[in-house]
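Okay, so subunit A shows up in both of these, paired with subunit B first and subunit C after.
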Partner chain A sequence: MRRDAKFGLALLLTPLLLWLSLLIFIPHIDLFLVSLRERVGVGKYDISLANYLTFINEPLYMWTFLRTAVMSVVATVITLLIAFPVSYYIAKMVKGRTQSALFLLCLVPFWVSELVRTFGWMILLRETGIISNLLQSVGLASGPVEMLYNDAAIMVGLVYTSMLFMVVPLVTTLESLADEVVEAGYDLGGNGLSVLREIIIPHAMPGIVSGCIVVFMLCLGNYLTPTMLGGKESLWFTELIYSQFIVRFNWELGAAFGFLLLILSSVIVWGMLRLTGQSLEKTMG
Partner chain B sequence: MKKQSLMLSSAVAFAVIAGATAASADTLRLLTWGGYAPEDVVAKFEDMTGHTVEVTKSNNEEMIAKLRATGGGGFDLAQPSQDRIAGPQAEFGIYKPMDMSKIDTSLFIPSMLEATKGNTMVGDAVYGVPHVWGTSGLVVDTAMAGMVKDYTDLCSPDVAGKVSYRLKRPTLIGFAFSMGLDPFAAYGDEAAYTDIMGQVEAKLIECKPGVKTYWGGGDELMGLLRSGEVVASMAWDTGGWKLNADKPDITFVAPAAGALGWVDTFVLPAKGKADDAAYAWINFVMQPEVAAMITAAAGNFTASQGADEFASADLKARYQASFPAEAIDNIKWYPPVPAGLEAIEGGVLDRVKAAK
Partner chain C sequence: MIPSIPQSKFLTVSYAAYVTLFFVFLALPLIVVAGFAFNDSQFPSLPWEGFTWNWFFGSERPMIGVFHERSILRAIGTSVFVALCVSALSICVGLSNAFLFNRYKFRGQSILYVLMLLPLVIPGIVLGISILVSTSRVANGLWDGFGWDVEALRPGLWLVVLGQFSFITTIATLVIGARLQKFDRTLEEAALNLGASRMAAIGTITLPYLAPAMIGAFVVAFLMSFENFNTTLMLVGSDAPLTIAMFDRLKEGSTPLLNAVSLLLMVGSSCLALLMIAFQKR
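And now, the complex of A and B:
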């Protein structure tokens, strides 16, 4: 009987283990090994840390990573600020059909691919685009306005793309907050602000943390939105990895960049958790 | 009983069909550029030979990256430019030598065939034969930016904010020629090449504020030019001619420093499985009538002997307008890129991209 249970467990775990080892562990080990190679001649390679030294010694790469990380943090904060009231409204203020309808509205944009959504933003923001023409026709602008190809455009795209991944965990946690608790807060003399600070936010913390982690990672690893909306000013870390692998045939440096992205982003998430006094166990449990 | 016999007979039929296809026909997995394998050509080839063709569209860098990832497997025929064959072959060993006896060399323009054979030679083996050729230079809205005659004119204040080019190696090479340097002569000398690229880098950073955006794909550029947001750009000749058909003001201009000439080839990936189908495809598409169909789809001329007669009059007229005789002589043909040069260029392109 015990042996049967063990066998069943092993059988159930096999797909997960296969997935983890074949698609996560082995490629990463290979990536790591490639990143340790240095090209010394035609088709000849030595083992060295040269690729990692390139990252440290070339300020451009470090700067690109910092820029990507900072922009991703800002995008995460903006997403949270917009998504929190929206989620609260969906979870607490409306009920029944309206609730489902509003939730569905958040979901609808994700039925089309990211590429199409990004093209949509390009049509809106470009010099001969809809917003530019609208501004001119109401007389707010005298000539065509270019809103693409800058950091603000990247930010708009990132926040839009990430919104759902913040709304879903927030709605789930906020729904589990009993209305009586909020009422009790008011009964005990709290005002809107103190109820928000003392009751709602602490209760929603697991949702906020998991939403923030997901959104931050998605922004950091996004390739399409920054390159298309950012144009000549994009400069995103994933773009560097792509160009090392595909355009420059420099897999060694690309692999080192990929590994650094993994390590540095994990460090940033860990640091943020420590800074805000949260832990992964609390969030997930 | 009846059901069983039906199953049996269908199984037999299936086995016969499967056996027949395996014996006489292969699947040709073709890694090529958009327009080089138009549907009508593929259909004609499949009818004639019984082979099936699977087309994957790509570009130079992606072709090499794909073949490198599999060690030259996954495709039976690829079409990188002739300058990107010897280097990657020496470095990664992703191609296999061409058996020239299986190719009908009488279908090729002899001078182009010889040049490509020379450029794609590693050791004693020939790795490529020419297919489609063309140039890259400037696509200009002559009504708005008639003064743009050379690559460096893209930095002129007259067109500031309405200019686009790619952040890739043709831009570096074009700017270098336009600045009076000769990057091709420095291919073999890393120090000299680094020096030239350093000068180009400074120029490109100086020009950056006037650039609208660095375009990534052909369609993106077409959109920018068509909407009038960009009036002068670096691009392929066919892009300019295509736009010329819709907007007569826009056309391809061969730059004063010389248009950059490329030849896309046929090569056999190292682990290709259908070499016979690949040779059959090469001999098929190099026939003048078929080559003319490809010219009509891709907009570029081919190395097929006598195909010009079948090309459309419109295209010929546009070609002649863009290329007076002296401009043809001035075309700078890409020599083979030595392995490792991309790293130097890569650093330059990264720094230009990061510059404010």
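And now, the complex of A and C:
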């Protein structure tokens, strides 16, 4: 029996270890090694930090990196602010059938590809689009209004795309908050604001953290939304990675960019977990 | 605020209005995409030129419908093929992982669990390029060392399958693991007491119990693979799956054909989602 158990363990460990090592660890090590290469001649490479130095010395790269990070944070905050009241409404204000129907309605848009959602926003926002036409017919605008191809359009797209990943964890944690606790808060003399601050938000913290982590990650790594909704000026860091890899075939620099993106997202995720005292197992698993 | 605490009428009404507005925001892009699939015009935008089915069934230029557009149909086929491979693979590995974390206690288990979750917090595009770099190193090595040209390691469908599998497996593991956690192990012990072998007990008791979660994981994996964009973009070769094919067309300018494809996608994925919910209820 002991030998059997050992054999079973080894059998079940094999796929896991193969998957993690061949598809996650070795590729990332390779990526790191390539990012340290500098091309000195045809087929000849030196180990150096040249690619990272290029990143630091070229203002466009640095600027795009910071812009992507800041805009992702802003998008995460906006998503949280919009999603929280809605999640609270679904979790606490309605019950039974209405509750599950509303929850399901929240999920529906996300069964559809991100491409379709972005396409929808393009139809709405562009010069010949619905909103522009609506504004003209109401008389608020005298000619066609172009609302696409700017940072605000990117923001709308990012918030829309990320909404589900905020609503689901929020609803799940808020549902587990007992009504009595909220009532007790009011009985003890709290008003709406203090109950929210002292009871509801602390209880929802695990949901807030996991929602924010996922949304931030998705915004940072998004390629489609910034490319389709953003203009020439609004570069996203993933676009730089794509152009280095696929368009310019400069894998060394592209790998360095990829690694920087990975570090940025890991640092922010780790920091967020640390700051709120949560762990990855609890928030993701 | 909760329903049992009285609130001012104004507050309750404006709260409900806010939630309504939120759902309008959610629905608007989808409704617009679906609506313009029936516009009798070359562009998915106003003015409305009248209703037509041509973007689905039309067979003559300039209005070639989805069902007559070869490249789109082929892309759908490619996507289905990739999605089936990815879901089948990730279900198998996910099932194995779920048993590993549920049934065994070993040193380093908690670390391994965290490592298992990592693919979820790696940006998709980074997963894509790292696999691209790694496989092309292996492919180049095989070519230089042995003169073997391994087509499967060059950008193409097999790399797309590998890339998507690398993070969808985590999700399959979580979905199946959550159900296995709720399993009452005394049922399995009863089967063992009644003389069943270990494998027979798992096959007749545990796996049927896990079936809804496995179907659920399959559907989720299928949809995630079908819709995946970032990882696929970096690994794709000449056979483009649907999302990539649509993206290329969208860059060149859009016709209501794309709306028609999108509408079909919406219908297809909602059917799958409903099917899954029905299975979970049973």
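The rule is simple: the second predicted complex is superposed on the first by the 263 of 285 C-alpha atoms of A that agree within 3 Å, B and C clash if a C-alpha of one lies under 4 Å from a C-alpha of the other, contacts with A are read in each partner's own complex, and residues count from 1 in each chain.
One rule holds in what follows: a contact is a pair of C-beta atoms (placed from the backbone, for glycine too) under 8 Å apart; a residue touches a chain by one contact, two chains touch by 3 or more.
All values reported here derive from a predicted model rather than from experimental measurement.
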Look at A:263 in the shared chain and tell me whether it touches subunit B only, subunit C only, both, or neither; answer first, second, both or neither. neither
Which superposed partner A:121 touches (first subunit B, second subunit C, both, neither): second
A:221 in the overlay: touching subunit B, subunit C, both, or neither? Say first, second, both or neither. second
For A:184, select first, second, both or neither according to whether it touches subunit B, subunit C, the two together, or no partner. neither
State whether subunit B or subunit C is in contact with more residues of subunit A in the superposed arrangement. C
On the A-aligned overlay, A:247 touches which partner chain: subunit B = first, subunit C = second, or both, or neither? first
Determine, under the contact definition given at the top, whether A:43 touches first (subunit B), second (subunit C), both, or neither. first
Subunit B and subunit C footprints on subunit A, overlapping residues: 126, 128, 245-246, 251
Residues of subunit A defined as touching subunit C within the complex: 4-5, 8-9, 12-13, 15-16, 19-20, 23-24, 26-28, 30-31, 34, 82, 85-86, 89, 92-93, 102, 105-109, 111-117, 119-124, 126, 128-130, 133, 160, 163, 179, 182-183, 186, 192, 213-214, 217, 220-224, 228, 238, 241-242, 245-246, 251, 254-255, 258-259, 261-262, 265-266, 269, 280-281, 284-285
Can you list the residues on subunit A that touch subunit B in the complex? 39, 42-43, 58, 60-61, 63-64, 126-128, 146, 148-149, 227, 231-232, 235, 240, 243-251
With touch defined as at the start, can you tell me which subunit B residues reach subunit A in the complex? 61-62, 64-65, 68, 88, 90-93, 167-168, 208, 211-214, 216, 227-229, 339-340, 342-343, 345-347, 349-351, 353-354
So in the complex, the part of subunit C that touches subunit A is made up of which residues? 1-5, 15-16, 18-19, 22-23, 25-30, 32-33, 36, 43-46, 92-93, 96-97, 99-100, 103-104, 106, 110, 112-127, 129-135, 137, 162, 165-166, 169, 174, 198, 223, 226-227, 229-230, 233-234, 243, 246-247, 250, 254, 258-259, 262, 265-266, 269-270, 272-273
